[in-house]
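There are two complexes below, and they share chain A, which is joined by chain B in the first and by chain C in the second.
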Partner chain A sequence: MSPPALRIRCARQAMAARSLPFSPLIAARPQKEFEMPTAGPFGAAVKRVEDPRFLVGQTSFVEGMVLPNMLSVAFLRSPYAHAKIRSIDVSKALALPGVVRVLTGEEAIKRCKPIRVEWKESKFEVDFKPCDYPAIAVERTRHVGEIVAAVVAENRYLAEDGVELIEVEWEPLPAVVDPEKALEKGGTLVHEEWGDNVMLHSHIRGGDVEGAFRQADVVVKGRFAMNRHCAAPMEGRAVVANYDAAQNGMTVWTSTQMPHMVRTKIAEALDYPEHRIRVIGPDVGGGFGLKCHIFPEELALSLLTLDVKRPLKWVEDRRENLYGSYHAKDDICYAELAVKNDGTILGLKTKFIGDVGAYTSYPWTPSFEPLQAAMAVPGPYKIHHVHCEALAVATNKTTSSVYRGVGLPAAQYTMEHILDLAAAKIGMDPAEIRRKNIMKSSDFPVTSVTGLYYDSATPLESLDMALEMIKYPEFRKEQEAARKQGKYLGIGISAMIEMTTFGFEYWRAAGLKSVTGYDSAHLRVDPNGGVTLTVGTFNHGQGHPTAYAQLVADGIGCKIEDVTFIQGDTQMTPYGWGTWGSRSAVAGGGAVIKASEKIREKMFRVAANLMEVSAQDLELKDGKVQVKGVPGKSMTIREVAQATVYTADVPDDDEPGLEASYYYKAPTPYANSTHIAVVEVDPETGYTKILRYVVTEDCGRMINPMIVDGQIAGGVAQGIGQAMFEHHQFDESGQILTTSLMDYLIPSCADVPPMQFGHLETPCPISVGGIKGMGEGGAVAPPPAIANAIADALAPLAGWKPIGRLPMSPEVVRRQIA
Partner chain B sequence: MKKTIQITVNGKSYSRDADTRQVLADFLRDELRLTGTHIGCGTGSCGACTVVLDGRTVKSCCILAADVDGQEITTIEGISTGAQQLHPIQEAFVEFQGLQCGYCTPGMVLSAMQLLKENPNPSEDEIRHGISGNLCRCTGYHFIVKSIQEAAKRLQASK
Partner chain C sequence: MKPPAFDYVCARSLDEAIDALGRRPGEAKILAGGQSLTPMLNFRLAHPGMLVDINRIPGIDAIRDDDGGVRIGTLARHRAIEVSDSIRKKFPILTAAAAHVGHLAIRNRGTFGGSIAHADPAAEWPMLALLLDAQIEAKGPQGARTIPAREFFTTFLTTALGDAEILTEVKLPALPAKTGWGFEELSRRPGDFALAAVAAIVTLDGKTIKDARISMGGVGGTPLRAPGAEALLRGKPADAALFEQAGKKAAEESDPSNDVHATADYRRHLVSVLTRRALTSAAEKAAQG
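For the complex of A and B:
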């Protein structure tokens, strides 16, 4: 790895019983202690086995699929944010040569149930209102981009011609666009049956917050408006659906992160036997949370292929992706922080108002954005008194749902930026106020004031490492010298604790029955020793084919290249929940490790029987099963596989064959990290250049450190996008103004600085293998690091002023000193 | 409306009837089945559809197939003989994890190749600006830059 990767192996945490000040909302099930790894494939920076074919263009993305007799689908989408459909005339479209079928909402709703999430019981204090979300709008549209009709034609060009020929008589209605106005009584309602626009309301309370505030020397307040984001994966969504008469069933290829969930929901919506639906997730060109939903388009194509009995294809264009898929992270955050003059944090009050758009996405509901923010906002700090309120507010905008980090960016920005505001107010250095309040490794395990069970973490150690890497004291000198020359440099810190995996107990506590936190692996060894691994998670760039193969190789002694990796095909893989929420290394990896253990145990039984020794005396070494300390007495993996699978030389009470499954009820481990940005701001133009960027990360035992660094780097660029570039603009009528990548700016290579990574490795005490997730943190921490750095840079000009709006475009930065 | 075009793609000559409104990216993908050229935006903003046209990189989603009659094109399928025999730039991408989901990768590799042709020994800043017409959402570019730096070294050494 090229950047100097500092790797400090932390000693395993002492797990002494400690009195927990708060009772955990989410119980943790301690796992058996893991064994420290031997030098082997688990932990090595192995090159990714899946990469070469992508580099030569040999891929299976849905957009490249061709089936005989295939037709194309294009969608008519609402041009209004809120409108009644008085009538639709599709006759001209149907008369166009090449158009085969047109489907409207009135017809679709009779045969396709709307998407709906019920959420009635929860250990969290939540009040949630469900709504119906039809695949194709019926009578009324609630955001620009909502589907009004589907046109099936011989090719996409003709399908789009057909879309243009549909005549709709619209009755535009007043739209509710501003989430705070949406909360006022007597205004427009997005869903009339609710009586207001509140999809979710939740309170999270801990300690005695009013008492804490009474003792404060200083109370700082802020309002921070996050930007309206979207995941914008380079490959948009895409679906091919094919009714196959020979199978009396259908196959749906979709660019998804959750193939099994998609199958289950298609079956439910269409009342079609689930076992006759095969959903296949082929190569997927990025997802970042966007593709872990059931989408109206998936339902519409499934319904239509049953009608026309021909394969159908829809490939989302970028305009559709930007206004017709889902948005995310559009929160307004109010916060008050009570501190003592010595920097001690006493209490925190926050209110997150999430603008969640028009409908409830399945399976998450959009309300997890503000809810997660409220749960996560105390971060890695010793805060004992909080009141965190979360509101998810419906508006006539594109539905908002989950995208890398889910709620954590708003929480992170709020906590880290208001902490610097407090530091500025009491005249304390930002690094010092953090060092004073942050938890250190010996403070764990601990239950947070918001009820989260933090299994283990190294916030102080990670902060100190980052400060050392960025050379904090030296920077302060450099900054002072630069200021004398009229150059405005600034430094910003963002320390975070990252909820990962969202495991089984998490969803049990949440009570949201649409999702579960287990995952699965199945291993089958062939007579030649080759291994087929099928999993329920879904790689779309995270390196699972390599990382999981490392775990299998570690567990059963085969070579990485002996493992064939299969995912995403519901007919071939065990039921699983796909890839989202930084879960795969823990949930999928844990299942792979446990399935490998079962294989290893059986290999030992077979080998022990054949070598006439006790299985307890065997070990796995150099790709062989050998008698401990007797290298000469061994069998190769291949020999054991032959004996077990082919010649069936197994003990009398054992069965032939060498395969194993494991369904792992994954835990919810916490990773942690510190990001530090150094920026230079041009006060004339507001242009900000990030000069240096350091990340120190502790994600437990790393399966493949190269992949970990790649995940951090990719996350940081998305975080920089949030901090400085990306925002979906709407006008007052609810019309979206950002429908191309020329308007919605995602960072280019020239916008992203070189980065430096440091690692701590605190093995997770509650997960199989000591693994924690880490996929999202990289994207969560950058905005406040950059905001704090900009505020620091501009402090000599206008005093330290908080930045209340993202993205920090040159205009926003200029206003800080105007 | 159709127009007959004759083009050379990856050294092979084709004569095809192209719909006059078909963009080059669709022509390559649908008519010639060269699906390594991806379409990420359709407006020339992301570079996933980058191909080399008569020695320059172009975004093939913004060019009509009918307009490239008589010209020569290189796509990702044309720069090596396959996954077993990679070009040094592709090798460096494997070694330094210059890709994650792989969707922007073909365009990125072609832009990198063109950059190194024009500037065999680029600075980090020149690399960052040189590929800024190709968007990647996964990698944060960090390891793409490392990959290109390594590729430059290898190509220099092999001269």
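For the complex of A and C:
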């Protein structure tokens, strides 16, 4: 099936339809030809309206909430990776003055259904096994940090004292820690009902990979072990739950990215009416994917507030955050790349083994990590023959789930690092081998060999721009001169194509019924022209209050400061899916644009009626509805609003009021970027300093370039964390060794270099407004750019050697040559 | 992450503090800057029955000149040492090392005496006290005494101080003329505890090394001197090959262990590199001065 021809106006690059070699796994819904919005605040680098409030501390984080009679909750967590709970004695804890209630798994499971994801039908070739994930462990714990009991007390100090007084008789069981050993037959099983430890197994095949490998001049192979790490947001998770007798219901404030989903799942788990639960996401101090789940703590507090009829608070401490919330990105990647001596890539075989920990997170399941890696690994290159295998393997470790990039970092590292290995093997420059194989704008749209529909992108143009910005040929001379003085400089390139938004068709194809790819916006204009915007997405640092206001201002002619932004309160906002997967600019922004269009159309009808002209003759200009070409004949936005909402001077067949909603089934656009790092390595110690860092990015039409730059910079900082610092480590018994920020290292400002950004702007042909997502690429591309740079720097000492494990600590780097 | 309950005494004099400590032997802990103790309390790794706060005791935070050397009061904050002119003049190695002590916020609160009494083998002040042959003064129920740095650090996080004894002041004796210093530390990130750190001082007589001292941090249960490497250097002309050799010897004398940040082998390798670099830098400065 070939998608029909797509045409847009105002495109900087013409997008010609072409015949597609592969059938798309995920159908594209071509957008109707659309008008590019007028030159207004859409695209302006305006400062974020929400920042001053945060900078002076006028915030509403859960931690700051105080309600009368509020109690505190602390959790007893499993000290063992795998153990049977023979008995629990809570009597001493209950006897402690100030302790109000203790909840164990045996009681909780009777009133709170376990978290569970079913995944039966899919257009992807997946074999998935579900498991029950109780809010509080019943009879057995499967990782260190799993909740064993909840203690409710007058304050957190007493609650933690109560936790220390609970007596558990444990029977430690052998733990499965190494994911490759977990695949061997006859070992310990994390979930006995599975019969093995494989949560998901998938194959993605395209072309004739064996045939392609037979034609190869050179085949290079690699094994790359990614580092288990975690999002570590500055604010951990936090919940306040309050049974409110006046409402005969409960309100749950939670530090989440998906408040509506949280409400739906609390209702289902507790069998409590959804309309009597109000979930509010207040200010959230970082999420990065960690907070787009329903968590056991949210269920436990909801259950407990119904019992004690008092407000309850739990704020995750850093230790809980590091071992009791979710980990991510723990993949072992095997890859083989077949190339010709001229650098042409012929075929690719990969196998991603994701160590996904103990349980299935809701709604994603942890298996999207290796699955996405397998789908995305060919990247922006013309590769026609692949076999990509994905395995999600359960172990007795903290549950692993989605974190900025989901699977893409493993794919990116594998592809970009093995490409440099191939280049080294055939004696070709890394920039040259990329230029030889990378797609250019006129190659799009195209369906990738793994079945992804790439709507539009500029990989070659972006690569060339980045090479230009870093002054690639000049650097090679500088590098040569430095080597003569005993200084080891290196350069590394990482080119990527970034799947964004994960829209409606994506989830329909995936068949995972726990999540859907639309989002919503509702606009209401008041008599004085002020606008209230409520949305189903959830800003937690992405700048939606500003970016969406720019879209509204562009669509209806008001000012940015006329827009009041409301999100995250399930009682006040339309149902939506929150913010994750680089989706909000496209899904939320598209809904905002379409709702604004409805408002504009009605404003035109009302104004046309009052000015006695045809609505077709009207335009928005300088904050007014005016007759085209007749500047004097106009009404201000405020006048139109007054007439529509206050005095009801509307056409006879129209209704008063100025409101509109839109629920947008979002597409799945692809952004692209190139990262280049220049490093200096001290070969004696392995210490690596990043000297320069360049990113060129094409995310379609930018709503606000300043926010785009900020997203890239923050992402690169996290990418550097993955590349060089962050690593959750466990001993052979499954005991976690990294439970403080002294041992789990996140980069500080001193570890992140200044960056330079370049932008291309190819309007997306399949999204409203020509917008693409771009929230994750910044975090995905850095590790191979840095690895390639380090390998390049050290090449004169021991030949070009791939770096087989992350993070690239000084010791790992030193061992490349010693 | 909240501490368990404890009693709290705010002492107004050293005698009052010593008295309070003596009333709960083995159970009371001194609270100075709190930069190590507070996290240990919050992690519930320490369960002291009582904290004796010495922050309000007047006069124990002074940095004073003394007979060519300096005396540093126990409550002197890291930051005070970092910006002290007197220390910059007499012991610039301390000024350089201060930049490696945690971060600015930590340096504003954490204390010199607290760091030495806590005796983290990877911390800067214990290894420099050992390098500079500091005289550590303590006061307890039996009165005052002076403990040489070499006898002070007994084992991991353990010192020669008694239960009710308080470290009161540290005396750093004057350095001879023609003495230069080198300080080399590598940590995963700026401000982290050292993977390995080496401090060296070299005293020259012409081109000959009259005396050399080497102290190593983060590579043993306590900060360590490298007596074999020091002996190797004494009386020999300062040159690159000798420093290389001394580095290897110091590495042999170190006793590092594995942790999540690095293996013992790598740390030992770092000792050899850092010792060579510290000695080279120290000899250059000695030749200039």
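Going forward, the second predicted complex is superposed on the first by the 800 of 818 C-alpha atoms of A that agree within 3 Å, B and C clash if a C-alpha of one lies under 4 Å from a C-alpha of the other, contacts with A are read in each partner's own complex, and residues count from 1 in each chain.
Just so it is clear, a residue touches a chain if its C-beta (ideal position, glycine included) is under 8 Å from a C-beta of that chain, and two chains touch if they have at least 3 such contacts.
All values reported here derive from a predicted model rather than from experimental measurement.
Using the superposition on chain A described above, determine whether A:D89 touches chain B (first), chain C (second), both, or neither.
Once the two structures are laid over each other on A, A:D89 reaches no partner at all.
So, A:S748: does it touch chain B (first), chain C (second), both, or neither?
In the superposed model, A:S748 contacts both chain B and chain C.
What is the contact status of A:A717 with respect to chain B (first) and chain C (second): first, second, both, or neither?
first
Looking at A:E432, would you say it contacts chain B, chain C, both, or neither? Reply first, second, both or neither.
Neither partner.
Which holds for A:D317: it touches chain B only (first), chain C only (second), both, or neither?
So A:D317 meets both chain B and chain C here.
Name the contact category of A:Y157: first (chain B only), second (chain C only), both, or neither.
A:Y157 contacts both chain B and chain C.
Which partner reaches more residues of chain A, chain B or chain C?
Per-residue touch count on chain A favours B.
If you stack the two complexes on chain A, which partner ends up touching A:Y687: first (chain B), second (chain C), both, or neither?
second
Does the superposition put A:E180 against chain B (first), chain C (second), both, or neither?
In the superposition, A:E180 contacts neither chain B nor chain C.
Once chain A of both complexes is superposed, is A:Q729 in touch with chain B (first), chain C (second), both, or neither?
In the superposed model, A:Q729 contacts chain C only, not chain B.
So chain A touches chain B in one structure and chain C in the other; where do those two contact lists coincide?
157, 317-319, 740, 742, 748, 750-751
In the complex formed with chain B, which residues of chain A make contact?
2, 47-48, 51-59, 61, 63-64, 66, 157, 231-236, 283-286, 288, 317-319, 540-543, 706-707, 709-710, 712-718, 740-742, 746, 748-752, 754-755, 778
Taking the touch rule as given, give the residues of chain C at its contact with chain A in the complex, in rising order.
Checking each residue of chain C against chain A gives 1-5, 39, 43-44, 186, 188-193, 195, 259-263, 266, 269-270, 273.
Within their complex, state which residues of chain B touch chain A.
19, 21-22, 29, 33-43, 45-46, 48, 75-77, 80, 82-84, 86, 90, 93-97, 99-106, 109, 124, 127-129, 131-146
Mind listing the chain A positions that touch chain C in their complex?
156-157, 160-161, 164, 317-319, 684-685, 687, 725, 727, 729, 737-738, 740, 742-743, 745, 747-748, 750-751, 809-811, 814-815, 818
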